[in-house]
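Each chain gets a letter, A, B, C and D, in the order it is written, and its residues are counted from 1.
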Amino acid sequence: MSSNIPERGGGGDSRGVMSPILEVNDVSIAFGGLQALSEVSFNVLPGELLGIIGPNGAGKTVVLNCINGIHPPDSGDILFKGRSIRGLACHKIAALGIGRTFQHSELFQRMTVMENVILGRHIYLKTNILTGGIFWGPGRREEVRAREKAEMIMDFLELTMYRKEKVGNLAYGIQKIVGLARALAGEPRLILVDELGTGLMRQEKEDVARFLLRIHHESKTAIVWIEHDMQLITEICDRLICLSFGRKIKEGTPEEVIADPEVIESYLGKRSHTVPD
Amino acid sequence: MTKFRISIMIIAISYLFLPGKNTAFASEPYVFGFQTDLTGDARAGYAPIAEGFRLYINKLNDDGGVNGHTIKVIYEDDKSKPDLAGGIAEKLITKDNVLAILGLGYSRSQPPVLELAAKSGVPVLTGYTATTPLFPNNPAKNVFSVGIQMHPKVMPQSYNNAYVASKICPGCRVAVTSFDTPGGRLCNDWSDIWCKKLGLNVVFKSEWPPSTLNYTPWLIKICNANPDLVISTVGGANYIPLLRQMEKFQLEKVDLLVVDFVNEGDLIKGIEQLLTGTGDNVIWISRYASALDPERPPEFENIQRAMNKYGHTYSLSALHAMGWTMARVVESALKKAGWPCTRDGFIAALEKTDLDSKGLTGGPILFSSTDHYGPSWWKAYRWDGKKRALKTILDWYRVELREIM
Amino acid sequence: MLLASIVVLAGIYALLGSGFVIIYKASRILNFAHAEIVMLAGYLAVSLAVAIPFSAASLLAVLCFCFVLGMSIYAILIRPLAGYSVLSAIILTVAVGVLLNAVGVFVWRGEMEVIPFGWRTYFSLPGNIRLSSIEFATLGIVTLFYACMGLFYRFTKIGQQMRATAENPLLAAQRGISIYRISGIAWGIGFAAAGLAAFLLGINYAISLQIGNIAVAAFVVALIGGLDSLLGTIPAAFIIAATEQLTITYANPRLGDAIPFIIMLMVLMFKPWGLLGTKEELDRV
Amino acid sequence: MSDHKILQYPKSPYLKTSYYEDTAIQAFDTPFRKKCLVIGLLFWVCFPFVASSYVVHIANLSAIAAIGAMSLNLLIGNTGLLSLGHAGFMGAGAFTTAIMTVQFGLPIWIVIPASGIVGALLGLIAGLPSFQLKGIYLGLSTLAIHHIIKYGCSEYQYYGGFGYGIVLEAPSLGPLLLAGKTVWFFVLWISAFATALLIANLLRSKPGRAWSAIRDRDIAAEVSGIDIGFYKILAFVVSSSLISMQGSLYAYYTAVVSVEEYSFGLTVSYLAMIIVGGLGSVLGSFLGALLITALPYALIILAGLVDLSFAVKEHFSVIQTGVFGMVVILFLLLEPLGLVEIWRRVRCYFELWPFSYKPLTIIKR
């Protein structure tokens, strides 16, 4: 199976002393009057599977958006492979090797699965208007190569039978996997996975978790995973972070985190106030 | 089975694309195509010509036609669009196999039609005017016009304005104005040149965009220039709001010279909208006699009778006289050419046209091999508010293009 | 004198622009058929004014017609497109405009007509200004219209529902407001505003096929003022009327056609949500 | 021996054995389609010699319209950017042609690429607002650019002294004089097919995918590494440069250039073409262009069959306009995916016959 995963070069970071691949330092962001994140810091080590949990509205997705550059943080800094990516445009951050899946899949509904996956390889393609327009020689060869890679990923994620289906016509569970395939196609060093299991049946969830685990084991790609399913995330992740109201309240091994009273409180609420929905 | 059905369909569809019948039978009528702006912005200036033409042809056919054959006219509306006009002309020439193309508006829709006609040798008789130079020295072989002489180099139309202005008030202060279309601007430029050449004092020259109906800024400028006469080359009924705004600016006493881009129906409509003014300042010049002239030629009664008999959309005007005369030119040419008539034969017959217009124009319609316009005669009228009619102020005069060129 | 003319023109522009805004606020659709509504209403007003000597009655009839037309166009054509892209709805309004234009030309042949209006006299004001009674009436009617709309939005139930729908259609629907009904009424009012503007144009200037160009300028007015701000149309109308008239007077008259669009482009570059519009509006389209 | 035979797959057009094969445009892969292609080509070559020049004229106008529709479709259907200014770009191309041929006497093979460059520059300017504007706001900014271009063109026409329009002479391409409907038929249709091929190629390679991604979900596209600002502008540049060249061809073909021609109504008719044809489809652009262009002429021919009275003829263009509006409305309400969807359904019917249900997994296409 491992041969199906695109080869990743380098790997120097993972040897010797583990310097973090991603450092989030004191990131804060506010939307209007709402403080969505306040001074959140954490590190992601190479090849690590980091889980982020927290009640609804805790700012989990916002963290990912900050890393991605969708919402540049108001203050604080984000370092990727030791280099600051704060304020960089989205597409440039993506080109550095950060992949992303979305909570509501956010796929290109009118494109086929194959096109979606090849699109994930956008940053590696050199075709321009001229070579693309002629589609003869270099343009076409590159297209075929991209297709080969995409087929590998689709094979790995068991999507081959849907390759020429429009994404919009597929079941929700499969769409989520297509989203993962698209992120994987960019051969990222870090994948940000946003609530991959939400809205899926148990069986589908486990499928997804299986895929994530395989990616984690076989390619040593760092993964940041937001998930609501406690059972799933605690079983799989190396480390967990819990966010509540834009603040990091606990970081540690899964066991530590879910046993923490503050975490339990943020989920279940104190008697004095209810958890906002 | 399906393939069979598909092939049947293909055959059926391809049948539609086959060329039309090209053979004319002896019992068939003379076929003409008449294409012009029957609808659209410029309609008021062209559709009455088509109506006048139709009236005469109806009458002629009821009287037995020409040389024992009736005349069939295919009317098409080209809306001043070059591609549409070209397509229609193509259809008239190749599919309907017409003897000649008649009508045509003075717009960008003419060049494609004329080009096409020149290539296939189809005679063209335009109503209003032609964009190709037709008067002496080398006229386009197949193009004739019973309308206004037009030449992009000298703009005889504009010369006419200047000429009338110089006769009415020699040496006075003149404002020349026009609509802001490329054609309108050209007219305006030439009005300016001719006015200066004829010794008038041009104190104001401007065009204004047709999209704004608020003429205030423009009238303020006219007021400041304080002219004795305003020459306005605006098309159709656009002069109505202009007249009304002039009233607002108390310019009722300043003569407003409108050319025959305005038909008589719009002329009256505009004057009726006035509050205090009587419209006595409106001067109108025309190539054809006006139906509103109390001393109009008796031929108008024939047109009126035909109108009552065959129905009409527009009220009787000089444009009807133009269409009527055009039909008579066609009739006389057909008489000369006989049956069957070829396109070349029709051109040859047209070149020999010497038709008495029965008072509808200042002189006969006279074509020659070197002049496809013939001499054009003009008349200037002034609106008489008391009698509610047009009064001749400058009787038929002839513009000699040879002299002004 | 020029100033007076600018004020009158601005009034009409504002009225035309308000039609766009009212419709846009309720249904997020830019009505490209507005120009044709103005034309159709104008011609109808001409015919009615000839038939009915009493001008106010004919005006009322035109307004009712426009209101019903707006409601029915919304109900028959726009509403079935709910859920489709905004683009479809816009192109639909363009097509409706084409169709209405054809109807207008078919019935009235597209001639330039003036609405005959009995009560017309001229007043001379200090400063060498001469205005007709109609121009005064125009200003009065426009002011009245804006006052009525303000009161309508503030105090009537339907007006409040309309504001709620404009703020958040989903929430409004959940609170039991029939957004289709509200949008339909908004379309009716928007069309009626167009009808009123057509009437004013007809008695002040003339009705013709070219009237569409004026409506296009009004469209610019709506955008500059902010597509979701009724109040914004007033300053925007003044800006457009003034620049247009001043350009015609002191610069190139030909530039008069292009100048509103140059201003519009500038506004779109620097403040795309308009003078008084809300910024969030940009993300909604 | 028999084993070997079983293992050897029959050479089927449905079976692709390499990705290279699979990237081909799969319109002419089966023997039946190949036959259709040959017959179609033969028909196409013979067409201008068999059909009357009137029909050839309509076909030529359709080819021009198809180029325009394809370029607009690239922007609206594939990239999801609204442009209401394409008539302006077309006019810019036509006026570039007029200026370069009348003023400087340059040959057609310089003029058409030059128009393309002018169009591309204008597209660049028109695309700039797309950084911060979306949807209707962007459409309005292009409308503004249309009016500004129109103003510039009318100034030129005025100062050049071309009253009713600038008349162009028939251009010559080497020894070949491009005059007459038949010659133009080949010129225009080859241009249209070349444009179609270009756009189809772009759509199946990197830029096309990026455009579709921007249309479907712009944030996700950005996160996938697409510079959406660049690709939006690229779409504008490609589209406007194509339509500008089309304007140039149109100017040569009709031989007269006048500013009134390039009004908003022209944009509307191109919008109608892509709506009627089908958004985002090259074939749809062709079908829509054919239908919308042929519609007024078809009505003229229909009217000729029943020999209408003069009174009806007088209103004829209104009827044409009305039918045009009606067709667009009906398509929007009843078949929003356009002619191409009807075509797909018909094809599906024949392909599935005698079965009536679609296969559960559509492997093909």
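Keep in mind that, in the parts below, a contact is a pair of C-beta atoms (placed from the backbone, for glycine too) under 8 Å apart; a residue touches a chain by one contact, two chains touch by 3 or more.
These figures come from a predicted structure and were not determined experimentally.
Enquirer: Among the chains, which has its CA centre at the largest distance from subunit A's?
Expert: Following the centroid criterion, the farthest chain would be B.
Enquirer: Average the C-alpha coordinates of each chain, average all protein C-alpha coordinates together, and give the chain whose average is closest to the overall one.
Expert: Here the chain at the core of the arrangement is D.
Enquirer: Just give me the whole-number Å value for how far the CA centre of subunit A lies from that of subunit D.
Expert: 40
Enquirer: Could you please state the distance in Å, as a whole number, between where the Cα atoms of subunit C are centred and where those of subunit D are centred?
Expert: Their C-alpha centroids are separated by 34 Å.
Enquirer: How far is the middle of subunit A from the middle of subunit C, if each middle is the mean of its Cα atoms, in Å?
Expert: Spacing between the chain centres: roughly 49 Å.
Enquirer: Can you give the whole-Å distance between the Cα centres of subunit A and subunit B?
Expert: 74
Enquirer: What are the residues of subunit D that contact at least two other chains?
Expert: 154, 158, 315, 318, in rising order.
Enquirer: Can you list every residue of subunit B that touches 2 or more other chains, as numbers and ranges?
Expert: 39-40
Enquirer: Which subunit C residues reach two or more other chains?
Expert: Those would be 105, 216, 254, 257.
Enquirer: Go ahead and list every pair of chains that touch.
Expert: Touching chain pairs, listed by label, are A-D, B-C, B-D, C-D.
Enquirer: Please output the residues of subunit C touching subunit D within their complex, sorted ascending.
Expert: Counting only subunit C, the residues touching subunit D are 30, 77, 80-81, 84, 86-88, 90-92, 94-103, 105-106, 216, 223, 254-255, 257-258, 261-262, 264-265, 268-269, 272, 282-283, 285.
Enquirer: Report the residues of subunit B in contact with subunit C in the complex, numbered from low to high.
Expert: 39-41, 43-44, 180, 206-214, 216-218, 220-221, 236-238, 240-241, 244, 248-250, 266, 269, 273, 275-276
Enquirer: Hey, which residues of subunit D end up touching subunit A in the complex?
Expert: Touch residues, subunit D against subunit A: 18-20, 22-23, 198, 201-202, 204-210, 212-213, 215-217, 219-228, 234, 238, 280, 361-365.
Enquirer: Which positions of subunit C touch subunit B when the two form their complex?
Expert: 1-2, 5, 8-9, 105, 109-114, 116, 120-122, 130, 132, 201, 205-206, 208-211, 213-214, 216-217, 244-246, 248-249, 253-254, 256-257
Enquirer: Considering only the defined contacts, which subunit B positions touch subunit D in the complex?
Expert: 2, 14, 17-20, 38-40, 47, 54, 74-77, 79-84, 86-88, 90-91, 94-96, 106-108, 110-112, 115, 119, 131, 152, 181-183, 185-187, 311, 313
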